[in-house]
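Labels run A, B, C and D following the written order; every chain starts at residue 1.
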Amino acid sequence: MWTWFHKLASPPHFYRTAAILSPWLAMPGLALIAWGAWQGLFVVPMDYQQGDAFRIIYVHVPSAYLSLMAYMIMATSGAIGLIWRMKLAHAVAASAAPIGAAFTFLALATGSIWGRPMWGTWWEWGDPRMMSELILLFLYFGYMALRSAIDDTAKADKASAVLALVGIVNVVIVHFSVEWWSSLHQGQTVFKKGTMDAEMKTALLIMILGFTLLFGAMLLRRIRTEVLYRERRTRWVREMILSPEGGS
Amino acid sequence: MTTQERQIPGMFTGLFAMTRRDLLLAWKRPGDVLNPLFFFAMVCTLFPLAVGPSAEQLEFSGPGVLWVAALLSTLLSLNSLFLSDFEDGSLDQLLVSPQPLPVLVLGKTLAHWLTSGVPLVIVSPLLAITYRMPPSVIGVMMLTLLLGTISLSLLGSIGAALTVGLHRGTALLSLLILPLAMPIMILGANAVSLAASNDVYTTGIWALGAYAIASLSLAPYATAAALRISNE
Amino acid sequence: MDGLAMGGYGAYVWSCFGLTLVIVVFSEWRARIKHKRVYRDIEVRLKALEDRE
Amino acid sequence: MTHKLSADNLTLIRGERCLFQGLSFALESGGLLLLEGRNGCGKTSLMRAIAGMLSLETGQVFWDETPVEKQRQEFHGALVWLAHRTGLKGDLTLVENLGFERSLRAQSSVDTESVYERLGISRLKKLILRSLSAGQQRRVALARMLLADVPLWFMDEPFTNLDREGRALVIELVEEHLAKGGMCVMAAHQDVELKAPVRRVKIQ
């Protein structure tokens, strides 16, 4: 078990494995998304309260879920990198941030588009989930800004890991404080989650699974770039690039 | 070397020595303490100028404006928390000091709170009166500011430690700290608003207290780790 | 065509799905370009080193 | 009581550059470790790494045969750090500066006044550091080192900003310290003549 783990954590091995693994995550992921989207858009009956607008949740919920998961991955791998000084973990953290930020933005954008017909406004300040998501986006921006402000990669890795860990404690507090705050200022009737049909639920779960696989493929791809850049002075990179058959 | 088994002074000696030194420094450079206070007053003055001086408007937005101003002025003073130590080499001395770094950091943060948070609490009633805040509400506001600025100083010290020595440190510090500090402001400002409308506000106070205790026990370690990383 | 109009909500629903597609594709495209650039930079540097030797 | 500072297989990489690789040494009471090399070649980095301010790529530093990261407080209680930036506060007086430093350390039997006297700074006690010359500030930093009364001295370029008399004084102090059974890690870009065993480490 541990030898396998160490082998995977070695950069050249990871670099090759990730290249093979990435399409095997992306293809089933895309297939599931295609099927889920078909179901969600055309097959599943419309919600009796929200009409067809509820179909937005088929992209909104997976994005919101991935925005949090990416942050968890970022913080956990940052901690692993700090504690066990594993370099690959820092590469994972660095790669998770931009994808996480993209999905956070997506969750906010789709939420706001959903809000327009449902609440009659593009942005509802009183909704605790949207506020939490917005703060999460700011946290991602701060993380990426700190990373890019420090020139030395090793230092940037460690500093941003500390920030991500402080942030993750705070995400929970942000969530509760925003919830409390919105319970004080209930201007709009915030939409309560209705019960979902089994059919709706299955399609949503398929979508979430598909998005997760796609996320995995995207993450692996970015980690490869990150590993390649960090290992640019090493012998295996030199041998791979200068070999007659070439690398990728 | 004759006296080898000498005891290193206890934690509290180190803590208070650190606080004492920083207070002494603040005493010799009063500008560093006063500028954030002027900034605080200035932001509070800007607001009525922007939205108009109507009494209900001021009464309604007073708690929020005071809290946002307090948050921003604390941020302003945080920037220099470790900067001069970094520049003159004192930070190196602290890193190789026989005292545990988190304790020294806590001492510095305590001094920061005493020179930024406490003056803010003392000045705030003057501005609250101009916002037509009744005396009972002013008491609640001072309490929330007192508790909130403890957390702000501690949380801010992490950000200050992460950005010390970076060229674009000031803007970056705000970007890092503001989202983290949002819950403190939400709790503080809303507790005051609730008090102003005669509602139950104790939840906010308790939450602020809990936040202060949690950050008191965790933040010094994060700050110490961040300082070691930044000073590598 | 009724299926696409979604009872008046079509514009909202389709723009959400479209936006998702755009952002995922954009992110992947950026990642690919970055990978190529990193790879090429290393290649150029290594080739230059080799020529010097 | 004798002490031992040793290092095993130290490697440090800063950014792109590998500053040193597989470096080992052992230093015992009464010895001086002299780090030699051009300016900016990594002498200071090596010293910072030994003192525990930089994290090493590989290797460990031992104090009395125990890894320093397992006893950071004890190790730091036994060392004093003198660097180019003095770490003294320009706004505080000499007495306030040194008083702060002393309150963090264990009580020592060293007589304050005689140290001031020896370094020629006893008349400057009430002045704020900013008003002193660079050379005088160096002397205050030296006073801090003597007052700490610890076995291990780290000195990074101790001769900068000092006149000929000052240099002679530093050498005299170091020799005295070593003779008493202390030890010293020094980085210098010029050669140092000492009446004591010197272990040299050259950094390319």
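Assume a residue touches a chain if its C-beta (ideal position, glycine included) is under 8 Å from a C-beta of that chain, and two chains touch if they have at least 3 such contacts.
This is a predicted model, so every value here is computed, not measured.
When the interfaces A-D and B-D are ranked by C-beta pairs in contact, the top one is B-D. Averaging C-alpha coordinates per chain places the centre of chain B 43 Å away from that of chain C. Measuring from the averaged C-alpha position of chain C to that of chain D gives a distance of 54 Å. In terms of their C-alpha centroids, the spacing between chain A and chain D amounts to 48 Å.
The distance from the centre of chain B to the centre of chain D, each centre being the mean of the chain's C-alpha atoms, comes to 35 Å. Contacts with at least two other chains are made by residues 232 of chain B. In chain C, no residue touches at least two other chains. In summary, the structure contains touching chain pairs A-B, A-C, A-D, B-D. On the side of chain B, the complex with chain A involves touching residues 155, 158, 162-163, 166-168, 172, 175-176, 178-180, 182-183, 186-187, 190, 193-194, 203-204, 207, 211, 218, 222, 225-226, 229-230, 232. Here chain B touches chain D in the complex through residues 1-4, 6-9, 13-14, 17, 20-21, 24-25, 28-29, 84, 87-93, 95-100, 104, 228, 231-232, going by the rule given at the top.
Chain contact summary for the complex, chain A toward chain D: residues 151-154, 233.
The touching residues of chain C, counted against chain A in their complex, run 3, 6-10, 12-13, 15-17, 19-20, 23-24, 27-28, 31-32, 34-35, 38-39, 41-43, 45-47, 50. Residue ranges of chain D in contact with chain B, taken from their complex: 1, 48, 51-55, 73, 76-77, 79, 81, 83-92, 96, 100-101, 103-109, 128, 149, 151, 154, 180-182.
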